[in-house]
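The following blocks contain the structures, represented as structure tokens.
Shared chain: chain A. Partners: chain B in the first complex, chain C in the second.
Take a look at the complex of A and B:
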């Protein structure tokens, strides 16, 4: 699994360069994100703009990252497509993880909190 | 749709070009070598273009007008063939006939090449199909939503008198009518678990985790209304696996696993469950029901948001009505609540108000065994979040019951959605009643019995919710198309207005004593009987006389429908002829057709008995053709269209209080058959319309039967011992007369009826039934008297148009004017 990551003043922006976040890549995703957290990045913006399919394993891996960031850190998801956003809402994960429309909005939110 | 202004010659020439084009470029076949099947496909593809134009125009009109939309959710749509219906409704029948004639093709032959879309078991599914025709004819924005079963109801073959089931791969060649809409596919999660967490504000947040995913792909079947002004659609979902998902496994080199995953996902819409099978514990059936509900609601929300915006959900019920055809789609209550609360972030009370305002529920059965319930452990495994929601609905509802009837544990137990016991069950009827603003039965008696016997506590609690909507049938399919001879005579006599306003059939009454009209009416019937005789010869190799009384019982095989009572009477007639040398007042041909659920042993045995009686009677020279018995295999819509116009006598003889409505009774009477029936279902309303002189009513009433059952006061042995007629017939059934090679084969029937309580009251009704049959035979032997009664039946069937039924639903339940 490939990622694009860049450090912005407000947060680390991570973008998976895949179109699926499913059971076949979920573990890899989880390890990757855990490493970022362990390296001291406690504010992370997850850019899902390339993802068009997420299954429950993928959502579980995102939740695991949120848990790893607690209590001080924060994860914000942005650029989720309608089909992906629908699954966040369906599972009520949108009530746990802030969802923003793009990276800039996510970074603004991060800096204001 | 605005009809194109063209003269018939232009239309004909355009159609020929379109058929040739479709055959050549759509199917790769030159038109000089088209088989009937290929010609059907080419014609259907040509008609499909007109239908699609109509659908798009209709959708644009609804959007422009901001029409409230009605969604009719049903696990079954028994559509039958579409070509003839489409041609009639679009006014293209003669154009098409002429175009094909120019090409050397016979329209009637290619119509026979179309397979029936048998996506239903019987009355419930056919009612849904009739409703779609009426919705489109009335110009109402009404849509059917169902499943695209790969295999419809099984094909029935008869071998050695027994029913054998064969798969019905109705769409094997690809239906030319279906328009697949992959771009509107939706993702449906199933299974999983609930993780009880907290949201960003510290509130309770149950998250649905570890689910699996199904993809619902819709296909649309266009539904043209009569006159072609409106073309609605029936949207049918197929279950697919996620292609992306599969491709990943495939890429990982595990091809077999990819295929297995695909197969298990696609199993969801593989097969229609036959009626009368015990479905509790059938996980696939629960998955099917949820799949239909979830796909439908996603589609409704998608369309609604597109039209009115994502922020207008509070107005949802002013623009959307959803009707639940029986309890099968009752999960809609929980899924709509889940969508509103979980996805749209509604407060519970606001979501509940919207849910109730949107939903209506139609009850179709009083049989306790047919009321669906699902074991809680299974439900929790398949739909964990929905179970939580149902518990919460139930908790809040039972609090209201407790306020109304404090400490009444009996009421709480009967009204709870959850049936308590060693295994708990989710009662789908209770869920549907609680979650809907309207609950209706399908005939007056049935609706009364729903309130007095089936769910009296709910009626006490919410009397305003309960109402009746007597079923109807579409006169376009069941008269105009099925019986062109009679339709032509009617139109010639009273004009064509009856096609969309069936009450106009009353205009026939002045002609009832007109000898020339009567003679033509009888001619039409005789011609229809000749056509059916040809069918019987082709399927059964039995010659029947079109001048005989055609006594017809066509419906699903079920003990409560009492094919057995009919058969007992036939045996009685046979014994009178061969043992007493009696001459019947008129020769009689008894025709049966109907399928038994594959697991319903008794119903299948009754088919065997009918065939064995037929074998005996038809081959006994002493009978001298006074009596014939025929079981026509593979009953389906297209066969019904052949049988019904030929019927003289319509058997509607269910045990009183057990048939919800029946619609075959309406179709047969509309085609000039006289009803012999009990005071059950819609028979009562047919009696009210046609009058006592034009129907043969017999037997116990529903209240008699209920009372006898309550007091356990029915003694069938007494009828056996004290009625010579009953005794002779039952002894003949018990003996080897009808099973010479298999002694004792039908002894179980004797035991069930004489010694084991005769649950369906055959023996109690036998003598009054026989008397009514004698009267009918005497009347039939006087053609002028009979034709008068038959004409009055046709003239007084206006009430039973599904147009009337749909208008009532629209006005009283859906808020659509």
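Take a look at the complex of A and C:
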């Protein structure tokens, strides 16, 4: 699984360069995100613009990152496509994980908190 | 009537194949929202077979049959792994619960079967002596949400 990451003043922006975040890659995603957290990046914007499919394992890996960041840090998801957004809503995870429409909005939210 | 049968090795990589196959078979009959639900439900059902019935081993085979008829898409999954535990079946009808004040106790997993149930109109499971059989049905033109 490939990623693009860049450090912005407000947060680390991580973008998976894949179109699926599913059971096949969920563990790899989780390890990658855990390393970022362990390296001291406690504010992370997850840009899902390339992802068109997430299953419950992929969602679980995102939840694991959110939990790893607590209590000091925060994860904000942005650029989720309709099908991905639908999964977050169905499972009610949109109530737990902040979701923004794009990276700039996510960074603004991060800087205001 | 369209009938397609797919036999896969119980590897998580192949869940994708099953999901994409379901989407392709249904693409001329269902709208985009329903197609996303069908693909997701298929992937979750296959994942469940691999992770639980086959205990994560890639030495099993799973047969998936897609049947598109006049009023419905029927997806049948058959594996020869161990039967599902009864408490897992309770998951089918459970609600998605979350408490944003209690993040530390939020579970990473356990949503797969609930997602299958939410995305399809009918879901049933049978354990026969030799195999497990899941039946997933999505009716054409019915909004489940």
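Keep this in mind: the second predicted complex is superposed on the first by the 113 of 113 C-alpha atoms of A that agree within 3 Å, B and C clash if a C-alpha of one lies under 4 Å from a C-alpha of the other, contacts with A are read in each partner's own complex, and residues count from 1 in each chain.
Please note the rule applied: a contact is a pair of C-beta atoms (placed from the backbone, for glycine too) under 8 Å apart; a residue touches a chain by one contact, two chains touch by 3 or more.
No experiment lies behind these values; they were computed from the predicted model shown.
Partners chain B and chain C, once the complexes are superposed on chain A, run into each other and clash. In the superposition on chain A, A:55 contacts both chain B and chain C.
With both structures placed on the common chain, the touch criterion links A:95 to chain B and to chain C. By the document's definition of touching, neither partner reaches A:68: not chain B, not chain C. In the superposed model, A:1 makes contact with neither chain B nor chain C. When the two structures are aligned on the shared chain, A:37 is found in touch with neither chain B nor chain C. By the touch criterion defined above, A:19 lies against chain B but remains apart from chain C after alignment on the C-alpha atoms of chain A. With the shared chain A as the reference for superposition, chain C clashes with chain B in the stretch 291-299, and the other listed options (75-83, 93-101 or 291-299) are free of clashes. Shared interface residues of chain A, touching chain B in one complex and chain C in the other, are 20, 22, 24, 53, 55-57, 59-60, 63, 83, 86-87, 90-93, 95-96.
On the chain A side of its complex with chain B, the touching residues are 19-20, 22, 24, 52-53, 55-57, 59-60, 63, 83, 86-87, 89-93, 95-96, 98. Per the touch definition, chain C reaches chain A in the complex via residues 12-13, 15-16, 19, 32-33, 36-37, 39-40, 43-44, 47, 51, 96-98, 100, 103-104, 106-109, 111-112, 114-115, 118-119.
The touching residues of chain A, counted against chain C in their complex, run 20, 22-24, 53, 55-57, 59-61, 63-64, 66-67, 70, 82-83, 86-87, 90-93, 95-96. Interface of chain B with chain A (complex): residues 187, 189, 192, 197-200, 203, 205-213, 242, 244-245, 248-249, 252, 342-343.
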